[in-house]
Amino acid sequence: MTPGVTWTRGEMLAVAGSLQVRDGDVTVVGLGLPQVCGFLARRTHAPSVRLLLEIGAFEPDPTESAMGIADPRMWEGSTAFGSLLEVLGVMLHGQRVSLGLLGALEVDQWGSLNTTEIVAEDGTRRRFRGSGGGNDISSSAERTVIIMTHQPRKFASTLAFLTSPGRRVDGRSRPELGLTGEGPTAIVTDRAVIALGASGATLESVHPGEDPDAVVAATPIPLAVPAGGPAETPSPTRFQLDLIRSRLDPKRWYTG
Amino acid sequence: MTVGLDRRCSMGDFVAGIADGTHLALAGFAISRNAVAFAHELVRAGRRHLTVTQVIGGLETDLLAAAGAVDTLTYGGGSLDRYGPLHGVNQAALGGSLTLVEYSALALTLRLHAGALGLPFIATRSMLGSDLASAPTDRGEVRAGENPFDGAPCLIMSPLRPDVAVVHVDAADKAGNAAITGPTWSIPETARAARSLAVVAEEIVKVGDIDPSNVDIPAAIVDAVIPAPRGAYPTAVYGHYDYDGAHLQMYVDAGASGPAGLAAYLERWVYGTASFDEYLLRAVA
Amino acid sequence: MTPGVTWTRGEMLAVAGSLQVRDGDVTVVGLGLPQVCGFLARRTHAPSVRLLLEIGAFEPDPTESAMGIADPRMWEGSTAFGSLLEVLGVMLHGQRVSLGLLGALEVDQWGSLNTTEIVAEDGTRRRFRGSGGGNDISSSAERTVIIMTHQPRKFASTLAFLTSPGRRVDGRSRPELGLTGEGPTAIVTDRAVIALGASGATLESVHPGEDPDAVVAATPIPLAVPAGGPAETPSPTRFQLDLIRSRLDPKRWYTG
Amino acid sequence: MTVGLDRRCSMGDFVAGIADGTHLALAGFAISRNAVAFAHELVRAGRRHLTVTQVIGGLETDLLAAAGAVDTLTYGGGSLDRYGPLHGVNQAALGGSLTLVEYSALALTLRLHAGALGLPFIATRSMLGSDLASAPTDRGEVRAGENPFDGAPCLIMSPLRPDVAVVHVDAADKAGNAAITGPTWSIPETARAARSLAVVAEEIVKVGDIDPSNVDIPAAIVDAVIPAPRGAYPTAVYGHYDYDGAHLQMYVDAGASGPAGLAAYLERWVYGTASFDEYLLRAVA
């Protein structure tokens, strides 16, 4: 940790998420933290990443906080406008997208996601936005990374609704299901980075100041811990934090 | 220059021609380019038992659902972005008065695209292995299949051809040639899938004023051209006006208090106004 | 015949072909005489016909003779430009085209067309332009009309290559083949109008000055003749001829 | 504004990267927008055994066929409009050195569209009952099928993903965002189907100079941006220059005299010129 540098949990999440982006990735980003992660990566270690919005905006570079991907502020600086069929069809279903950055209400140990509805213990259902392009991204991107805050209720062995498939569904692999790509490779939260692989979930790193045992206890899915314990996630740099605060989330909606 | 047919029509006359039970396709996306003037007029006219198809639901659909006008909604998801969820849709779905048929955004767009192109069916890998495939499969709209060329699993979907599509464009000439700037999401496929298409235009321009290379919707598929300046308010139209965040938040807050809240909103802002112009005057003042 | 009015065979063909166009038809036209027929209809009895070119031009209104549908002169006055997928896909395969106007090298008694290759008696093959959108138009338009000069070698019971299907192929009807629309309803030549129906070809009318028996002799396909003999095709009017000469085919490439 | 990657490349360097046996997709249409500069460079480089896919063949393909560079041509037909037929293609096909696989224009465009969208396959009614369906069926690219939703016959076609597409655009920025005016025929589908895409541009413009709503080909699918002013000569580029009818007629007349005529044309105008610029100087002078 750099002396005197402090950050919020949201900022830590944005930075850790951004590190999952590789330079050259062609990326479809969801609204909110996924978008902040993508833009942060592009302005730091991944200058040639391509960011695409399912609504039909290529490589936007917004200067204001946007209320969603349907907010024209979000499209500012785009070099090309097209259609959903162009982004989710030609780019994604056409196997040209290397990375999807996705949020979720619930995730299971294989990285399958629920963004549709939550059922409370009393059976009350609460509905959310549904798939949008989320299922399509999970189905066709070469890999996906899940970006979410770390709350135990968000980790579930059985999802209330499986909106977007992960590495396995009902014991079946992606090729068996007919899906392309590796599927989710990591869940990045505001406490840890959980790697997803062929054999399941592993606690790859915990963020500075986090206790690994406490993180494991707060993650009610099967979760392997490396023999030597998890690594520590690199701390945010001043440059990353300045970018987030001044440019990428100035209203602090996602990282405040 | 061929002048073509004059397809202009008032919103009132257009809505008068839409019967109860019509399958409507709408093309707004959350807080952008919703056909709000059209939704108000339909609600005031008391239309019922509509089927609505929309790739990403927004305010227009939520108003119709809140008014009890929609029996079935086929969508790929929806919200009012950070303002909040589609309370009208969600309450009607949870209450059982509205059947919600969910797809992924791409899968539904592909069904519309197949309808537009007259394809017998269309195949995708989207939705494989997810719970999204269940309802459409039960309804016979989607079937598990396989690629005859390599044996890989896929889903085979029927084409979708709604009765009427209503889309909000920047400008149209009287024949129907229309232009859209900015991202177009599922507007092109929605417009082309429907058996009949109305373009609601911010502005009516002279035939020839739109560069033919910039025409996004050719007159040949347009049945009605409806002038409606600011007709997407309080949602945004790129290059024309921003969304009205305060009004959207008021709508979401009304919905958060339950069906009575939405009923009160409709009473005040829709049933309680004689026209969309009156609504605009009251809302923007 | 109006006294003092004379016309060429090509002009007669253009006029007779134009009369097949109904006001309100949505029409895809091929190059050459079909195009002249379409434009003539629009300027006379069918002002609200929509003319589309497969290349992606909507409602062109050219003022110069064009060398083909790929000649930009042909697109002049279009109100919208789009793609081949828009015209042959959305409009035609999407069942929005009521009429196709097509030329041919060879036609059979059911209106199937060959535009691909001719085999001479010595077995020599001569290749032509192939289908282009011709097969698509024959397959999906509500009805088609064939526009061609009247030469016995162009009428064949068995085509050298069946590029575009007519009302029946190998004894099978269009619904049996999976095709939509009625198929070809007429062959219009520079000598006659041959109606095509469910039971085959009928000599509906011969052009002014033509001997019906000579026309039948020059039409080596099964051809019914109505009990009272064929009608006489209406003569071109001065207005039609002036349009053709001054505006629609000023270089007389098609009607000279 | 994101500046993006710089994809600019000379025609010579681009052609140097194309191996014998490559599956090329071309997008000219008869006498418009042919990638003639590219075809000349390929011929001079002596490329052989190419597979070419093109919805409507034109001069570019005929030059390649005349030079003996093409083993297989998949097309939906082609000509040089009223100037005459594709003698190079026809002579190679009749002589047996070139395998011609014919489709209808729509069917082939749909195969490219399926490739672009990553669809497992695509279905159509076109070509049913015609002789066109035979060769593609024998090759395993097309199968007789039926619509699982209503039992109607259809043809099921495999998606087509050529290795490299080369398309001629009006303007492109260095990242690859490109614009086309006028009719676009099969250019959008051809460009998107290929695994790699080169845009040959009349003009290279600054990033941001093309209104994003007017971008027809987004940089995200472009691998090479090749400046080539007048690179489609003697075919036409709408809004830039007309075809050269005299040159086209000379080419067709050469072809009408048989393979020797085409060989003489190539000797004089292609092998006999060191570059396309030299050809232009000699041809236009």
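A, B, C and D label the chains in the order they appear, each numbered from 1.
Assume contacts are C-beta pairs under 8 Å (C-beta built on N, C-alpha and C of every residue); 3 or more make two chains touch, one makes a residue touch a chain.
Quick caveat, the model's predicted, so the values are computed rather than measured.
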{"item": "Distance from chain C to chain B - Cα centre to Cα centre, in angstrom", "value": "40"}
{"item": "Whole-Å gap between the CA centroids of chain A and chain C", "value": "58"}
{"item": "Separation of chain C from chain D, taking each centre as the mean of its C-alpha atoms, in whole Å", "value": "29"}
{"item": "Junction residues of chain A, two or more chains touched", "value": "78, 81-82, 85, 89, 92-93, 140"}
{"item": "In chain B, residues with contacts to at least two other chains", "value": "110, 117-119, 124-125, 152, 154, 181-182, 213"}
{"item": "Chain-level touch network, classified as line, ring, star, complete or other", "value": "other"}
{"item": "In contact (per the touch rule at the top): chain pairs", "value": "A-B, A-D, B-C, B-D, C-D"}
{"item": "Footprint of chain A on chain B - complex, ascending", "value": "29-32, 55-56, 58, 75-79, 81-83, 85, 90, 93-94, 102-107, 109-110, 113, 124-132, 152-154, 181-189, 236, 238, 242-243, 245"}
{"item": "Contact set on chain D toward chain A in their complex", "value": "1-2, 4-5, 115-119, 173, 175, 177, 192, 207-208, 212-213, 215, 218-221"}
{"item": "In the complex with chain D, residue positions of chain B that touch it", "value": "110, 117-125, 140, 143, 145, 147-150, 152, 154, 156, 158, 180-182, 211, 213-214"}
{"item": "Interfacial residue positions of chain C with respect to chain B in the complex", "value": "26, 42, 48, 50, 52, 58-59, 61, 77-82, 85-86, 89-96, 140"}
{"item": "Of all residues in chain A, those that touch chain B in their complex", "value": "31, 53-57, 67-72, 75, 78, 81-85, 88-89, 92-93, 112, 115-116, 125, 127-136, 138-140, 161-165, 169-170, 172, 174, 176-180, 253"}
